[in-house]
Amino acid sequence: MGVLGALTLRLLLSVAEPIWAATQPLPPFDPQISSGTSVGTTVVDGVGRRVEIPAQVKRVVTLSPDLTETIYALGLEERLAGDTNYCDTPPAAKSKPHVGTMQNPSLEAIVALRPDVVFASTSINRRETVDALARLGLAVYATNPHTVRGVLDSIASVANVMGAVAQGQTLVAQLQERLDALQMRLADLPLAHVLFVVWQDPLITIGQNTFIADALRWAGAESVILAEQNWPQISFEEVVRLQPDYIVFTSNHSGGSTALLADLRSRQAWKGLRAVEMGHVLEISDEIARPSPGLVDAIEQLARHVHSEAFRGPGAHDTPVPENREHISRMLPSAQECTACIR
Amino acid sequence: MHPLTPRRVFGICLLLCAVLFAAVVISLRMGAYPISVRDIVTTLVNGALGRRDQIPSEFWLVVFGLRLPRIALGILVGASLSTAGAGFQALLRNPLADPYVLGVSSGAALGAILSLIVAPLAPGLIQIAAFAGAAATIAGVYFLGRRGGHLDSGTLLLAGIISASFLSAVIMFLMTSLSGRDLRGMAFWLMGDLSSAPALDLRWLYLLLIIGVGSIYTTASDLNLILTGEQEARHLGVNVSRVKIVVYVAASLLTGLAVSLSGAIGYVGLLTPHVMRMLFGNDYRVLIPTSALGGAIIIVLADLLARTVVAPTELPVGAMTAIAGAPVFIYLMRRRVR
Amino acid sequence: MSATAGYQAAFARENAATGRTPRLRLRVEQASFAYSATDRSAPTFTLGPVSFEAQPHELVAILGPNASGKSTLLRLLAGLTKPLAGRIEVDGVEVSSLDLRTRAQKIALVQQESELLFPLRVWEYVLQGRYPHGRRLRFESEADCLLAGNALAQVGAEPLRDRWMDQLSGGEKQRVILARALSQQPSLLLLDEPTQHLDIGGKVELLRRLRRLADENRHTVLVVTHELDLAAEFSDRIVLMHEGKCLRVGTPEQVYERELLEGVFDAPLEIEMKPGGRPHVILRGVR
């Protein structure tokens, strides 16, 4: 019994001790874990959190595809130590080390990559993730793009945090220029009424306060549904009553537009819609929903479809295409390539 | 005739502690960050001895900052849910009862969702609000479940099911009619998730666990008798009303505790007592501690699988308990010799 | 002469004959009860004042047709309900004043059925009868196991000890339930219509067993029944109930009077005295 008792005691202690230690509050994070120096600046991120950024930001991890895309657009992909499983734009991002999903990334995997800064986005990441990483002592910068202008601000702030102020300013200026040009083109035109389909069955569209609604407005379009909720589920009768000019779907692969139109034309409910009869069914890039540089391309793409009359003529293809963004030029179809717009 | 002795109970618990210990060690070893067993052991030893400065900060972070808190939380949640499940199965006289059948998890979820609406950024508020929701549901269902001044098993079950449905409907309404972004975290919370370990002091929570399990354990002999029939138990001198109240309150609070911390992890509360019954018998004097320990083991292992099987993607631990639990249960069921 | 007075007279004669000093096991004195549908309405059923006494080793039959108040009387005896008036004492202590545990040490109520939720072995089930004699959270001792084993042996269920409860036949189960009551080591053993689902062979076997238990152990056995023949054959004392009133208390010969029984049971009966001194009830021609 003595031996058994001693063994018991040892076993219990060995289980209890580490658990006891684990329940102690964690001491402050030792900054030597990062590759930067210990002197940094304190900034306020997109959600108002105070973040201490190391002076040298050599390694970063992104937790959402739009941030990954932004970093590539800024030309800073060398410093990208890791991204999520779903970061596929540009394709080179797929070969970076992954840290998991956007909703539930592996905290350990992030720590293992030893980042100086972790970028998160309120568009897709959870607050709990940000808090958990901050508790571990990592510098987490959260962007909060609500609108198209907010996207440009986010891009600028990401660039600033990474110490690449010049690249940021250049990129933002380019994007701003394109947006301004678009505004001019569309200045006197009425807003096109579109139905933006998030999900077909049940029929879910976008609310007024969403990011996508703002993007639509920049493209000279407006959702026919005015709702306070972000993702209102609507009845098909509403659509029939409102008869939108265009029906817009998103897709992350091209080439499905003709098939999509054919499919809608075969459906009892949809084929009676004026937009379907006239062939005003669009499938645009899903970048319209993503607060990244590619958003501007998607806005332009949409504008070309719904206001094609504004793009006829010599100035149609004058939009500048910056060099190191080959994926964006791929997605920008010319008027002739627009197979979805069957008149 | 081999009656149950304290020694046998103790021996079985010791065995399960050893298994738990092994599970903890394995779980400490596995993870995205590469760290050897030797380093883990030295970190643990140095940490226990207070020699913090001797440990590289990365090891400290991984072992004490990431893995151990998650394991400690898993043990707490697993033990709470399994003990509560065993208690409810006796209270409601129903082998299919799980800790959520009386609506505690729905109440907690409602509390959580309300806190997300009202003050989404307050740290720790979601846990407190969830526990408050659970407590309110416990009280409400208690009053609904009384008949003639006593807790009646059938009425209690009905009251709980109705409350659960009602609360779930309210939650669904809130989730669809309010802003989608704020409630993204709810989906995860409803599935059961150990990764967002709250910054609460686990020591107090462990104390609550011990109090809860201990309270139910004091009624273990009584529960054995009640399971042969309430009238019979009364004739044998069991104060059935008192036992029911104790078990109801203790099991509900344990459930509320677990759900507030990690969301509604499914299947553990239902399956663990049955597995333990098959392995160690029906007697509640051994079933209560084995359920607690068994639940801890299961959650630790399930969480280990959840975070390593498709790394770096982390699955919710509730999915693992369902996937891994069902086949094991079927196997044990077929093996049962009667 | 009233029922009680008659009984007491007979009792006094008996004691005089045997020279035995009465040690009173059970004493029921003017116990009465009433059921009402609600608190305010008039009682729908009344159990009139009942008085009788019983000794150790006695088997008492509470006899009467349906709805005569037998089961209510049993509930009062078991202490499940407090009588509205009067006293019920077991071993000199008023039953309704006892706490649950002590009451379970003195009185065992044998159920008809047992609906088990989880599988249980016979010996585990019988061992549960020791619950009233220990602390609340308890582990059974050697002595407990011995007593439970004895109880099993007394009902002839020893070979069933390791079987699962739900694998037993009806008769075997009843014996095991009885064994659990015996392991309570009660002063009073109460049974409510135990012969209900048994055939004649089973009935006789059960009553024989109860008779033997009453003789061997120190119990007093009270059986609620409407079986005239069995009550006459096996019991020492009969309490005759009819519509909530206790009509007569006495030995079978004293109670079995033709007009009395015909009035109570509303059936044409004939009473015959058998050689052993026990009355025998025959159904007179009905057609």
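Labels for the chains are A, B and C, by order of writing; each one numbers its residues from 1.
Here is the rule we use: a residue touches a chain if its C-beta (ideal position, glycine included) is under 8 Å from a C-beta of that chain, and two chains touch if they have at least 3 such contacts.
Bear in mind the structure is a predicted one, so any value in this text is a computation, not a measurement.
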Exercise for the section: Walk from chain A over to chain C along touching chains and report the minimum step count. Expected result: 2
Fill in the blank from the handout: Contact-pair count is greater, between B-C and A-B, for A-B
Handout entry: Inter-centroid spacing, chain C versus chain A (mean Cα positions, whole Å)
Key = 81
Practice task
Could you please state the distance in Å, as a whole number, between where the Cα atoms of chain A are centred and where those of chain B are centred?
Solution key: 37
Problem - Gap in Å, rounded to a whole number, between the CA centres of chain C and chain B - result: 47
Fill in the blank from the handout: Among chain A residues, those touching two or more other chains are none
Exercise for the section: Sort out for me which residues of chain C touch chain B in the complex. Expected result: 78, 80, 100-105, 107-109, 111, 114-120, 123-125, 127-129, 131-132, 136-140, 144-145, 148-149, 161, 164, 184
Fill in the blank from the handout: chain B contacts chain A in the complex at 14, 17-18, 20-21, 24, 31-34, 44, 47-48, 52, 57-58, 60-62, 64-69, 71-72, 75, 120-121, 123, 176-181, 184-185, 188, 193, 195-197, 199, 201-203, 206, 307, 311-314, 316
Exercise for the section: Could you please specify the touching residues of chain B with respect to chain C in the complex? Expected result: 1, 3-6, 90, 93, 95, 217-222, 224-225, 227-229, 231-232, 234-239, 277, 282-283, 285, 338
Fill in the blank from the handout: Note: in the complex, chain A contacts chain B through residues 8, 11-12, 14-15, 17-23, 25-27, 29-30, 32-33, 47, 85, 98-101, 103-109, 111-112, 122-123, 126-129, 131-132, 135-137, 209, 229-231, 233
